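The same chain A turns up in both complexes below, where it pairs with chain B and then with chain C.
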Partner chain A sequence: MTDSLFDAGDYNYDDVKALPISSDQPGELCQIMYDDEYREVMGIARALLKKHELTERALHAVSEAIQLVPAFYTMWNYRFQIVKQLHGNDAAKLNAELDWLDEFTLNNPKNYQIWSYRQALLQMHPNPQFPRELPVLQSMIDDDTKNYHVWSYRRWCVNYFQNFEHELEFASDLIARDVYNNSAWCHRMFVLKSQFNSQPPAELLTTELHYTKTAIELAPQNISPWNYIRGIHLEFLNDKFDADIITFASRFTSDIFESPASPPQILSSYALEMLAYVYAQDPSTHEKAKCAYQALSDNYDPIRKNFWDFRIRSLTA
Partner chain B sequence: MALASIAAERLARQKHQKYFERHLLILPSKYQDNEPNKLAIVTYALIGLSILGVDTSKKYQGSIAWLLEHQRHVSYEECSIAGFIPSLSTNIEEAPSLSLMSTLFGLWGLICLGARDSSVFKDIDLQGIGQFVSKCQCDNGSFVSNFDVLPSSEIHRSCIDPTDLRYSYAAVTILHLIGCRKSEDFSRYISIENLIEFIKTQTGVNGGFGQYNEAHAGLTSCALSILDMLNDQWDCLSARFFEQTAEWLLQRQVSNQGAMTLMIDKNECYDPEDQGGFQGRENKFADTCYGFWCLNSLSILQAHTDVKFDCGNALSDYLLDSTQNKLLGGFAKNNEDDPDLYHSCLGLAALSLNADEFNGTLFLPRQLSENFLVPS
Partner chain C sequence: MGDLSLKTIKFINAQLLGRKRPTIEVVAEDQTALESSPVSMTFLSTETTEEREQVLADCQDLYESLKNTEVTLLKEFHKKYLDYPFNNALPKQMKALDASQPWILYWIACSLRLMDKTWLGEPVQRKIYAKIFAASLEKGPFCGGMGQDPHLVCTYAAINSLALCDSVDDCWSQINRQAIYDWLLSLKCSNSGFKTGVAVGECDSRSTYCALSVAKMLNILTTELCEGVEGFLLGCQTYEGGFGACPQEDEAHGGYTFCATAGLSILNSLHKCNILRLAEWCSARQTAEEKGFSGRSNKLVDGCYSYWVGAVNSLLEIHGYGSFIDKGALQEYILKCCQSSERPGLRDKPGKSPDYYHTTYVLMGFSLTEHLLEVTKQTEPISVKSTTNGFQLEPVNPVFGLPAEDVTKFIDFMSQLPQVC
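Showing the complex of A and B:
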């Protein structure tokens, strides 16, 4: 087979009769014009699956098929059955599979099946190692710092290995690169909620609030750290905001509460939202809350006018 | 505003129609890596055409038998199941790869091809499909989309499948499409209690739904659509939580007014030209498809919270002016990319939803969602 478009690698497939791709279906919609390589590779990989062959050469053929069609979940499942059968309890062989997967992952960053496949491999692995996962995670995050699947996989690993040790630091590195990285901010909340059984130590909350304030000073109009502050209060501080945090937020809203008639230039509408939220908690400060919501509605965030007006109505109700 | 009353110079109907029709004809080999999603291609194109008012049941009537052929039955010791395979071309008869997603797209496609004729479902194995959905549910309430591929007398859920809210949405929607309306109908096949427990694990601190506390507009739409279909489970989370959800969703609408301009030249994922569009997560660019996911989520919530909002018209302007491709037809993800089928369908769906002509929960134009009949 010198003119074969299927790269057989070190294996021999002479006895495999390719399973043809059926075409000419009456009434077919979106008929795809397969190229010859596709027909050949799929023909061989599917023929092996049809025989339920669980061998090294089948694994190779599946690799070729997955390279062409990364979303082919049937082949991924077949691949897993082969790996389980051949290498199920062999750490070194499973590491080789992870090596293959690393390479594939870097070349197919948008595919999401790779991550759940990876989870299944680690769950089968007799001696899985978190550090083994870190380089590929780092490369993928470097490539796309907000990739949802990569962050989810990292969090799965952190839970699976129960290793939270470096996670806040990891998030801080990403935030240092881009203070607007919402995934990194969410990662902090994930750590607080997952590492501690409902209540993180008070000192940690203090450090986190301090860290967040510093980040806000760099870029006040940034929803992520403000969400984090509100999340910390809601989850761990009974939604009670102390004078410090109110004073802090007020630094970004100019003298809005003194001169609502002539709206000043403010530094953060999110600071104003948080103040409105806090003032709305207590009837004695409802006037201030109303002033803040009115300013958001009229000046600082008019696209959500209907919503801020709804908030004002809820106050007086 | 009704889709039909949007001025011709604003919405390139003919171009969009041709764009969808092209996808139903012959596709070049660059599409071959989409083979496992082939029924999704078919269905996005058919739904897009239906939104535009094309009677797809007339035009593509000759394809009903072809689409039905994707339905396969598999017998196990414990029960028989039925579902759709993604492609006739690459299927292996000895190991048919039924999937929840293909089944959902297959049923949607059938409704597009024969909505006005109640007999379109007569060849559907309702019980078998219900059993398939049933067997896809995991112990924690979530769902896989596939079983292990090697034949076996017992059912083994695929352990390499993701189990996020997308598959839960697919499971519940399939059950709705085959006739489940009340809790007792759904409970014949799945544990609602476990599903609700799973959904509750997917909540974020700020009111959105997603994995590991990172809220995501697409997953939020899945969660709310499920609750909408189940209908009597809204007390699983507090009214206050859903108010937060609405606020989180409204905050996804990108604006170039007021204090938002402070992000110009600082936030690398902020573009003032995204005005009116929705982002999928905080500090991301607007994207056509999240316009649909957010608007759908908000429309569902409108019936369950007191929150008032009006974000649809600014979204429509964004879609019509920024992501619509009036030359080639179709919609792109954003104001830079080329159009693609998925964003074309979702863009039109958002416009149609804003015109109250689309059932966002079932992802079908109203004229289809209200007319298809399931034989009991």
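Showing the complex of A and C:
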């Protein structure tokens, strides 16, 4: 393997003949002009895969291939088969694999394949540890606070280990850093719904509502906490809103209901939207609901006119 | 609140991205901004608002400079961008898509076909099925490329690519429906979702939609395959109204919301989700300033959501619930912000480069704004036709992400074939 573009590391691949990685048919559509390194590395990895070789040197070849194209899912499948065969029940070796994966993850934050591979590893691990997962997740979110895959994986992990201890605090830290981080707001709802089997204690709901109101006071025109307040009511309070929450929302809508003809400047269209929703629940306040939806349609959020008009129509019907 | 309404509060985060940052409060007065806007500009400055302000400025510049210009879709111009990869090899950095080759074919072929049916001629259709079949085990299921493992979302892209080929050389008859069916059954998880591959792979609303779409297209959607899937998808709807990746309170997201609602449409179960919340969430994706859609609350506008979110709106429309978006405004975003006369192809937003993915989904989103769709069979609202004349693009089927006519032809063809077991 002299003059090879494939870094063999500590292993010997002299007996492995690289497989072709494309048909090389003339006129093939969208043929990629593979460079020689890619052809060789991927060709060797594919040759080993074809033999179904589950060895340390195969693992090394797979690592080399994945480095070149992280989205190459076939190599992740193969990697899993190798690791299962070689380290299946060995906690220390699986931890070493997780170490490798941590580093790979930090260098490839947008990759799709890492997370299901990671789940598969933990499910195979004889003694998986939740604290082992936290630093890499923290670091990934620090760098990209709304990374969808990381948040989703974190929720999977929390459910898997049934450890909700750090979650509200984790979300609070991110909301303190950026009150508009909707991923962090959603994480709070995840905790409320998953930790308590959809029946969170009343005190916790009170605390959450208080927390959310404080965040709204800092930045009233922010859809995330308003959605969260409505979500708490929808999921846990039979969608019934008490006088306190109506008074609170009214603080952000000026005197809109007194002077709809000369619309005042308001602090939050989302507050008005919530009031409209609440007023629409009771026939005695339908006129107020219509007034609010009309104001949203005409003045405060006209791009959503079709939705507001739909709401008005359903109130009239 | 009186004090607040007179002043703009700004919190400036001083350190670099990626570090925990202390929050510093700065109070500033900005009377002009306050007076011009019906909603007070009182806000905190954070990463979210800083990024959005940059995008807003870029969009405003374009809207301002094109204010009195009648902009149309530059079809011939974009054709150049799409013809190139069908006539030339792709540069080596495209190896990043080496495991997604059916997607490249689907995106390019679908875009050409939407702009002009004749732009996808028989010689290219022959090359498409040849390449798709070469990247398969026995003509189904399909893989990302030659010698790779079968993959569910690649199989979706492969079937959609084949559907664009008019069964040239009778290629539709050659698809191995039985093998695809058996494989789909093997991908079903204990939570009734489908995972992308047998060994490892994600199981979410996206992979589950791909399974349903492939099965419906091929007429292999049996009761056994469908069992429990509706519950899986309904479980992905969140308190915000949109749908997330997995039924574990994942954040509502444009792409996953499309997948879940299109999947529910295939199962004839869309009415079982919370329609009001869904309609509200859909409409909230559009903002007055950018005019295009974001994929999640407090995220940036992106042209691809013209389809992902636009198609959800179209699904609501063909199910008789109405339309909840401003289609005219969306057209303006697409024509002025996703299109540039300097470079062919369509893009995410100003400042980004065009790519095949965005070109397809921006075009499909544009088509949905042009056509009024109507279902061809009321009992099964998955096949549509357009009732509109004078359009720039062919009508799109918002369930399968293909020109409406191609879907109808493909499904009609498959309905003549024997059942699988």
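Following the convention adopted for this analysis, the second predicted complex is superposed on the first by the 311 of 317 C-alpha atoms of A that agree within 3 Å, B and C clash if a C-alpha of one lies under 4 Å from a C-alpha of the other, contacts with A are read in each partner's own complex, and residues count from 1 in each chain.
Here is the rule we go by: a contact is a pair of C-beta atoms (placed from the backbone, for glycine too) under 8 Å apart; a residue touches a chain by one contact, two chains touch by 3 or more.
Since the model is a prediction, treat every value here as computed from it, not as a measurement.
Aligning the two structures on chain A places chain B and chain C in clashing positions.
Contacts of A:Asp143 after superposition: chain C is touched, whereas chain B is not reached.
In the superposed model, A:Ser269 makes contact with both chain B and chain C. Of the two partner chains placed by the overlay, chain B and chain C both lie in contact with A:Arg304. When the shared chain is aligned, chain B comes close enough to touch A:His52, but chain C does not. Legend: residue contacts after superposition of the two complexes on their common chain; A:Tyr112 is shown touching both chain B and chain C. By the touch criterion defined above, A:Ile32 lies against chain B and chain C together after alignment on the C-alpha atoms of chain A. Legend: residue contacts after superposition of the two complexes on their common chain; A:Arg177 is shown touching chain C, with no touch to chain B.
Overlap of the chain B and chain C interfaces on chain A comprises residues 19, 21-23, 25, 27-35, 38, 42, 46, 50, 68-69, 71-74, 76-77, 80-81, 112-113, 115-117, 120, 146, 148, 151-152, 155-156, 178, 180-183, 186, 189-190, 193-194, 219-224, 227, 230-231, 234-235, 266-269, 299-304, 306-307, 310.
Against chain C, in their complex, chain A makes its touches with residues 19, 21-23, 25, 27-35, 38, 42, 46, 50, 68-69, 71-74, 76-77, 80-81, 112-113, 115-117, 120, 142-143, 145-146, 148, 151-152, 155-156, 159, 173, 176-183, 186, 189-190, 193-194, 218-224, 227-228, 230-232, 234-235, 251-252, 263, 265-269, 299-307, 310. Note for the complex: chain C touches chain A at residues 1, 4-5, 9, 11, 13, 17-21, 23, 34-35, 37-40, 42-44, 46-49, 85-86, 89-92, 94-101, 104-105, 108, 124, 127-128, 130-131, 134, 143-149, 151, 195-204, 238-240, 244-246, 248-253, 277, 279-280, 283-284, 286-288, 291, 296-299, 322-326, 329. By the touch rule above, chain A contacts chain B in their complex via residues 19, 21-23, 25-35, 38, 42, 46, 49-50, 52, 68-74, 76-78, 80-81, 112-113, 115-117, 119-120, 123, 146, 148, 151-152, 155-156, 178, 180-183, 186-187, 189-190, 193-194, 219-224, 227, 230-231, 234-235, 266-269, 272, 296, 299-304, 306-307, 309-310, 314.
Contact residues on chain B toward chain A in their complex (touch as defined above): 23-29, 31-38, 41-42, 45, 60, 62-67, 69, 88-92, 94-95, 97, 99, 145-146, 148-151, 158-163, 204-206, 211-216, 246-247, 250-251, 253, 255, 257-260, 262-263, 266-270, 275-276, 281-284, 306-311, 314.
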